[in-house]
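Same chain, two partners: chain A is paired with chain B first, then with chain C.
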Partner chain A sequence: MRDTLTSLRYRYWPDHLLGEILSKRWTETAIPVILLLIVGFALSRSIDHFLSPASLADTARQAGEIGFIGLGMALVVIVGGIDLSVGSIFALTDFCALYLLDVLNWPVPAVVVATLACGALLGAVNGVLIGYLRLRAFITTLITLIIYRSAFDLLIQRYSNSIAAAFPDIPSWNFIGGGDVFGIPSVALVYVAIAIFGHIFMTRLRPGWHITAIGGSRRSAYNSGIPVRRTIALCYVASGVLTSIAALFFAARLGTVGGDIGVGLEVIVLTATVLGGITLGGGKGSVAKSLVGVLIVLLITNGLTTLNARGGINRMALAGILLVAAMVDIRWQKNRTRIISKVYVAPTYHALPPPPATEIGQGGPFEQNDKLRDVELIGLGRIEAPEDVILDRNNNLYAGSRHGDIMRFFAPDYQRMEVFAHIGGQPLGMAFDRQDNLYVCIGGMGLYRIKPDGTVEKATDETNRSMHSVNDDSRLRLADDLDITDDGLIFFSEATVRYEMDEWPIDGLEARGNGRIICYDTKTGATHTALRGLKFPNGICVASDGQSILFAETFGCSIKRLWFAGPKKGQVEVVMDNLPGYPDNINLASDGNYWLALVGMRSPSLDLAWKMPGFRRRMAKRVPVDEWLFPNINTGCVVKFNEQGKILESFWDLRGENHPMITSMREHRGYLYLGGIMNNRIGRYKLENADPNFVQYDKRWGKLS
Partner chain B sequence: MKRLRFNQQEIVFAVFALLFLAFSIFLRGFLTPENMLTLLQNVAVLGILGLAMAIVVIGRGIDISLIAALAVPPGLVLQMVQNGHSLPASLLVAVLLTIAFGLVNGWLIAYAEVPSLFATLATGLLLAGLGQAALFQLDVVQWSDGMKGFERLGQGTILGIPTSIVMFAIACVVVAFLLRQTRWGAYIYAIGDNPYAARVTGIPSRPIIVLQYVVAALIGCFAGLVMAASVNSMPTRIFNSTLIYDVILVVVLGGIGLSGGRGGVLNVVIGTLLIGTMLNGMTIMDISYAGQNLVKGVVLLLAVITDSFLNPRNEETAQQGDI
Partner chain C sequence: MIAAVREFANRFLGRGEATITVPSFDGALKPNQKLESATTLLECEAPEDLATDGRNLYVADGRRLLRLDGSAATELRSFEQPISALCALADGGIAVALGGREVRLYADPTSGEPSVRFSDAAFNAINALTPAGDGTLIATDGSATCGVDDWARDLMELNRNGRVFRLDPKTGSVKPLASKLGYAFGACARGDGVLVSESWRHRLVLVADGRTPQTVLGHLPVYPSRLSKAAGGGYWLTAFTARTQLVEFVLREPAYRRRMMAEIDPAYWVAPRLRSGFSFKEPMQGAHIKTMGVIKPWAPPRSYGLVIRLSEDGKPLYSLHSRVDGVNHGVVAALELGSDLVLIAKGPGRVLKLPLAGLAEETGS
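Let's look at the complex of A and B:
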């Protein structure tokens, strides 16, 4: 009863989603957005007409103006600097626009262009000083803040009267200041356009990536050839231009040049930037974060003004929120990976009946023996981690290596060895197609094809994204083993979509159906997911009927059959379950049966732990990774089974010294070749009563005539 | 051959010497004892604030909230005395407020690990907002009869030297003693030079950082008292001014690098003298306030640029997040 409840709870409650959601980058933006919603909700409850169109339009106008400056500040902060001079640039460009319009009577387009140029120039001063002369951003913009401000003060002493006296009535100017399109203020429209461009710029275009790279690590960016100085300088120019855009709208809206314009603006914008979650020091930030920060600051200041709060309260609220936001942001940045690694592992209920006996004297097909004790060794100490081995029609032996190579041992004695192809990722399962191409599953990379001349091509590294997964499961994380049907369909297993290759034991602890079987069509080049929700699918072998594949579920301890053609197409059937070990690769035997490698034997402790998800979750949270339970992969065996799932024979090695572990085996001309992912050797075992002319290649694709 | 290298301190001192020489030759009335005293008197408060900032900057931090500490606790003293409380009680309350403020700053920076720029930016706003909203009735808190005698802190002379200069000198001696003669001071230099190494060595870096901000706030409060005494009121709107930027410039120009671990009281004095000389000379030349700021800014910029040419930083050695 209790087990049933546990099993139901773990089957239907999606524990794994929390960790997956938290590991998404957008959750960082989610915190400020939630804050914004709370502030908006609180203000709309306490202020009448807060959400009325007029009030919203007014807010949008101000948000647009501050928003431009916020974008500039975001850019500069992302590149690893700071711009304190925005308030003064704002004042100066505001003056510039009004002076040109009111005193010199320039036409509006010329005023706009000149004002933007003025902003660019003021920003360029910062840019040259900080980018090219490499002064400190903080102190430099502090000085330019003072210089620009005093220049502004000097200018308005002379011209404020003539500006105040003029009342320009130019339709286009008025439209900039107060116009709207379908109720949306002009400034908001321009802001949206620039924000969309900014988003694309930062996330999709090369200069945007350069900016993030420089902010993330200036030294690495410099060493990888990014023009650090120019990029930094241009960021300050952009900040100046964006500030001057804000000043243009401000000038058109109010038309005044009061002495305190832009005083303290840098504090407001900086607050908005930090509130939005743009990390000081660079490398992280987005347009959305900048906008959210600006909206929060603006809503709070406007809301408090509307509520007739004293100026001091307004300040305290702003400061308090800045502090809390900075603290939350810093705590989160610091502990993010730790929190995620704690909650990411989401074990589930997995019950297996007691395993069949394997001890000597107990009888049964799994009874231990010592047949593999004295296997011959190939390439001892010259190869590392041959997960799978395969032989071509010329008797040459191929095996993957940890270094990302496919090694070839030449027949007949397999002493001579060469690097057949270099791929770069760890090769796992392998299979030859009809044209002598070698298809290889590469952990972390996908499915690759190696032509007979050794050139490497990518076959596929992505499949269709499933609708309901939070993790992006379109990329292949751990392609494991494959086989090729007569029609040129390649079925390959992806062991898990939640972990990387080196984390495979954690997937075993989780015991969730995270794996899937994917089908790649060599004729069309299309990839689709054939079956999902499997517990670490591993070995794959096309069955003798040519209409189904056999696949092993390592942590499901079972062999299943999937029909891909014929009357039962799409159906799945259990061939064997409750194996005493963890099944790995499956391959054809010369007598029409199948070979199966058991990479390790089940242990009572892990079997018990699989029934106790809460125990495993506590372990993942409280114990360091090195001390977690680990599936046994020290002892294993090779078994032969038939089409009906009956075990015919088993091959053991009681000492495990000569050939320590087995992940795959391949029969060839009366011998069984053994691979093991932790080994530095390949084993060769002489089979009794086997067809001495059996070549898997010929059997599958026909003898070379 | 040994290459000729100058550090910023020497450059600034040279600029100061040149300016001083030029003003002495070309400006009538500059090189008189009276004017020298006026010069020093005008920059005394700035200098005291510079000392507070120096302590924090040497420890690789920055304290933007100094002006709030300058304005609010002394303003509170004046306000409380005006409301009929006794002067000692008011001073005690103000000092406690200052210490509490410094503790908040220090805790945020040392324990919550908020960058000092932001922490002090926010706490400064918080304290100024508190003063504005809850403590003061008017923006300018006036001197009242209960404060009688206290104005000697900022007015009059001691042995012929204006009191505010004496106060600056006392502050210099105290801070120099703290930094150079105590273990605590050595710890600050260690933390500023390399915080991680300091921590690994076993220096209690977090409590020391907290202490820095408490001391800085107390010195700020002291500067505020001197200022209030010299002008007989506390204009709390001074928080809105650009005074804090002047303080940072004094410190940085004097040669205390923002990356910490370098400099001392002498640097603050040099920085203060440079600013003081410039301001005084321009006042004699009758340049407007804005014009003075403009000239000040340009000179500072030139000094910083010169420094960057003589002691360039490059992409290999620039520290990450070192703004």
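Let's look at the complex of A and C:
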């Protein structure tokens, strides 16, 4: 009863999604967006006409102006600095525009260009001081804030009257200030254009990446050859220019040079930046975040103003929000990976019936014996982690190694060894095709093809992305074992899409169907996912009917059959289940039956833990991985089974001293060759009554050997 | 109320009582493989306890009482129940506990009838006997509910009902000295009190009449067991098995423990053992994976061998280990005989001998 409830709870409640969603980069933008929606909703309920077109247009106009400064600030913060002088630059460039237009009567295009140049110049002062002379951004911009503000105060004393007296009536100037296109204010249009460019710039262009890199780690960026000083200086210049754009629109809209213009602007913009989720530490941020932050701040200030809050309260509210946002930001940045790692692991309910007996004297096909005790060892201490082994028709032996090589041992005595091909990732399952190309599954990389001369080619490393997955599962994480059909389709297993290869124990702890079977067509080069939701699919072998594959589900402790052709195409059928151990690779035997490696054996304590997901979840959080309850993979065995799923024979090494772990086996000319992913040896066992001429893939492709 | 809230918060956050940290083998407990180099005097079925009167070495092996001369064992007598504790008396006599429920004193190891018999109804798991010095005998009783060999269940049930008794052979009286101990296993007289190993609380306490037990040595990374006096002052403290974070975690998981005890053969529980690595059905932990053919000695110990040399005031001086990749696990008794240390490694069923000369220098930190 309790088990049924647990099973239903874990079947229908997707625990694993929380961690996957949190580990998405867009969650950091999603939280400010949700905040924005809440603020917008609250204000629209408490203020009449909050969402009327006129009100929205007005908001958009202000948002555009502050938005430009916000973009500049975002840029500077992302590069790892801060710009407090934006308020003063805003005031000075505002003065510059109005002075040129009203006092000197320059034409509008010239005013625009000159104002932008003025902004660039003011920003460049910051840029040179901070970028090239490497002064602290905070103190430098604080000083320029004071200097620019003083300059502005001096200038308006002299010119404010003449500016205030002028009423220029120039259509283009008025359009900048108050024009719209289909009701959308001009400033908003320009903002959208610049924001789109900014987004592309930051995410798709080299300088944008440089900026993010410098903010993330200035030293590393410098060491990678990025022009750090110049980039930083240019960011401040850009900030000045963007501020001057805002000032232009402001000047055109209001046409005044009051003494309090731009006072406290830096706090508003900084609040918007932090609230949008742009980290003050640098290296993280986006245009969208900047926009969202600006909108939140604007809605709050406008809302408070409409609600007749006094200026002091308004500013206090902003400062309070800035404080809270900065605090949340710092805590989040510090603990993000910890929080994700705590919630990412999501064990599920996995019940297996009691396993068949294996003890000596209990009988049954799994009764333990010591047949493998005296296997010969090949390459002891010279090869590390041969997950799979394969032999060619000249009896040379190929095995992967954890150094990312395919090693070749030469017949007849297998003493001489060479690196046949270097790939770089851990080689797992292997198979020869009709042209003697060696196809290899590489953990963490995908499916690779090695030509007989040793050249390495990538076959595939991605498949179609599934619709319902939060994680991008198009890349292959853990291609495991493969086999090739007569039509040149390669079916290979991907053990898990949620973890990397070295994290397989975590997948075992979850015991969820995270794995899948993928099909690569050697004729077209296309890859697609054939079956998903499997519990660590592992060994694959094309069945003798030529229309189906047999595959092992390691943590499902079962062997299943998938039809890829014929009348039952697409169907899946259980061949064997409730195995006493964890099945790994499957290969053809010379008598038409199949070899299966059990990489480890089930223990009652883990079987019970698999029925108790909460226990495992707490274990994952509290206990270090080295101390977790693991699937026992120190003892294993090789079994032979037939097409009907009947175990015919089993081969054990009781104490596991000679050949501790078995992940694969390959029959070849009367011998069985054994691989093990944690081993430093390859085993060779003389089979009784086996076909002395059997070469698996020669038989498969109908070649005589 | 506050305590309940705190306990809930601790359990939720994994703090306080809910932490599963285990102290590391550090300082005087720095690991070595010294026990692996010990000479095996005797291999037998079920060695349980050792005793010596200074000349003869007695070994309790299941129901048999043996005398060991060199590596030659002579069976002195046999009982109808397994011997659970053994102790040599000052007058050349011997005391044995049988099945944890009865204590008998013999004037001579071979004499036919016991001189005194204690079979108090309170006795359940008498696992160690030691002379108190004033003619009385101290007995430790591990659990009021679980038998001598069922100690793993006692641990898993979080029982705290170990007791210490004073047995007076003159009057035949049995007097409880301490109760509610977390598995009392081993005692040794010190001054007017008795040092007692409190296994489930990983400490050594000083028990005396009319006083609450005082911690002498706490926060051990192991479950301590029997004690004996060392010739140069101080004590030999054995530890029958070591703590692991996984076991500590399971001890804080009532639902799992309940189902484990109900559904799984005790041999395969997630619990400390005297020996391990004999079946793939035993729980395996991450670090136990044989990599390149090697089991790591630092892997979390399901079974362990350890003897600690304590100073007179109960501080560890040095220690002798058999680590995870070793064999001599489950050390339940150790005593000094002449220039040797004699031990019982219950895991492999061995009586071991280790020369004392140079041990302190070799293993001291």
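Convention: the second predicted complex is superposed on the first by the 696 of 705 C-alpha atoms of A that agree within 3 Å, B and C clash if a C-alpha of one lies under 4 Å from a C-alpha of the other, contacts with A are read in each partner's own complex, and residues count from 1 in each chain.
Keep this in mind: contacts are C-beta pairs under 8 Å (C-beta built on N, C-alpha and C of every residue); 3 or more make two chains touch, one makes a residue touch a chain.
Fair warning: this is a prediction, and the values are worked out from it, not measured in the lab.
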Touch test for A:Ala164: chain B only (first), chain C only (second), both, or neither?
neither
Touching partner for A:Val572 - first (chain B), second (chain C), both, neither
neither
Would you check which partner chain A:Ala151 touches, where first means chain B only, second means chain C only, and both and neither mean what they say?
first
Across chain A, the partner (chain B or chain C) reaching more residues is B
Using the superposition on chain A described above, determine whether A:Trp628 touches chain B (first), chain C (second), both, or neither.
second
Determine, under the contact definition given at the top, whether A:Ala690 touches first (chain B), second (chain C), both, or neither.
neither
For A:Met661, decide between first (touching chain B), second (touching chain C), both and neither.
second
Let me test your reading of the model: by the given contact rule, A:Gly264 touches which partner, first (chain B), second (chain C), both or neither?
first
Chain A residues where the chain B and chain C footprints coincide none
Interfacial residue positions of chain A with respect to chain C in the complex
384, 505, 600-606, 608-609, 612, 614-615, 618-619, 621-635, 656, 660-661, 678-681
Write out the stretch or stretches of chain B touching chain A in their complex.
108, 112-115, 117-119, 121-126, 128-134, 240, 242, 245, 248-249, 252, 258, 288-294, 296-298, 300-301, 304-305, 308-309, 312-316, 318, 320-323
Mind pulling up the chain A residues that touch chain B in the complex?
80-82, 129, 133-140, 142-147, 149-151, 153-154, 157, 217-219, 222-223, 228, 263-264, 267, 270-271, 274, 280-282, 310-320, 322-323, 326-327, 330-331, 334
Could you please specify the touching residues of chain C with respect to chain A in the complex?
14, 20, 244-246, 249, 253, 255-256, 259-260, 263-265, 268-270, 280-293, 295, 299-300
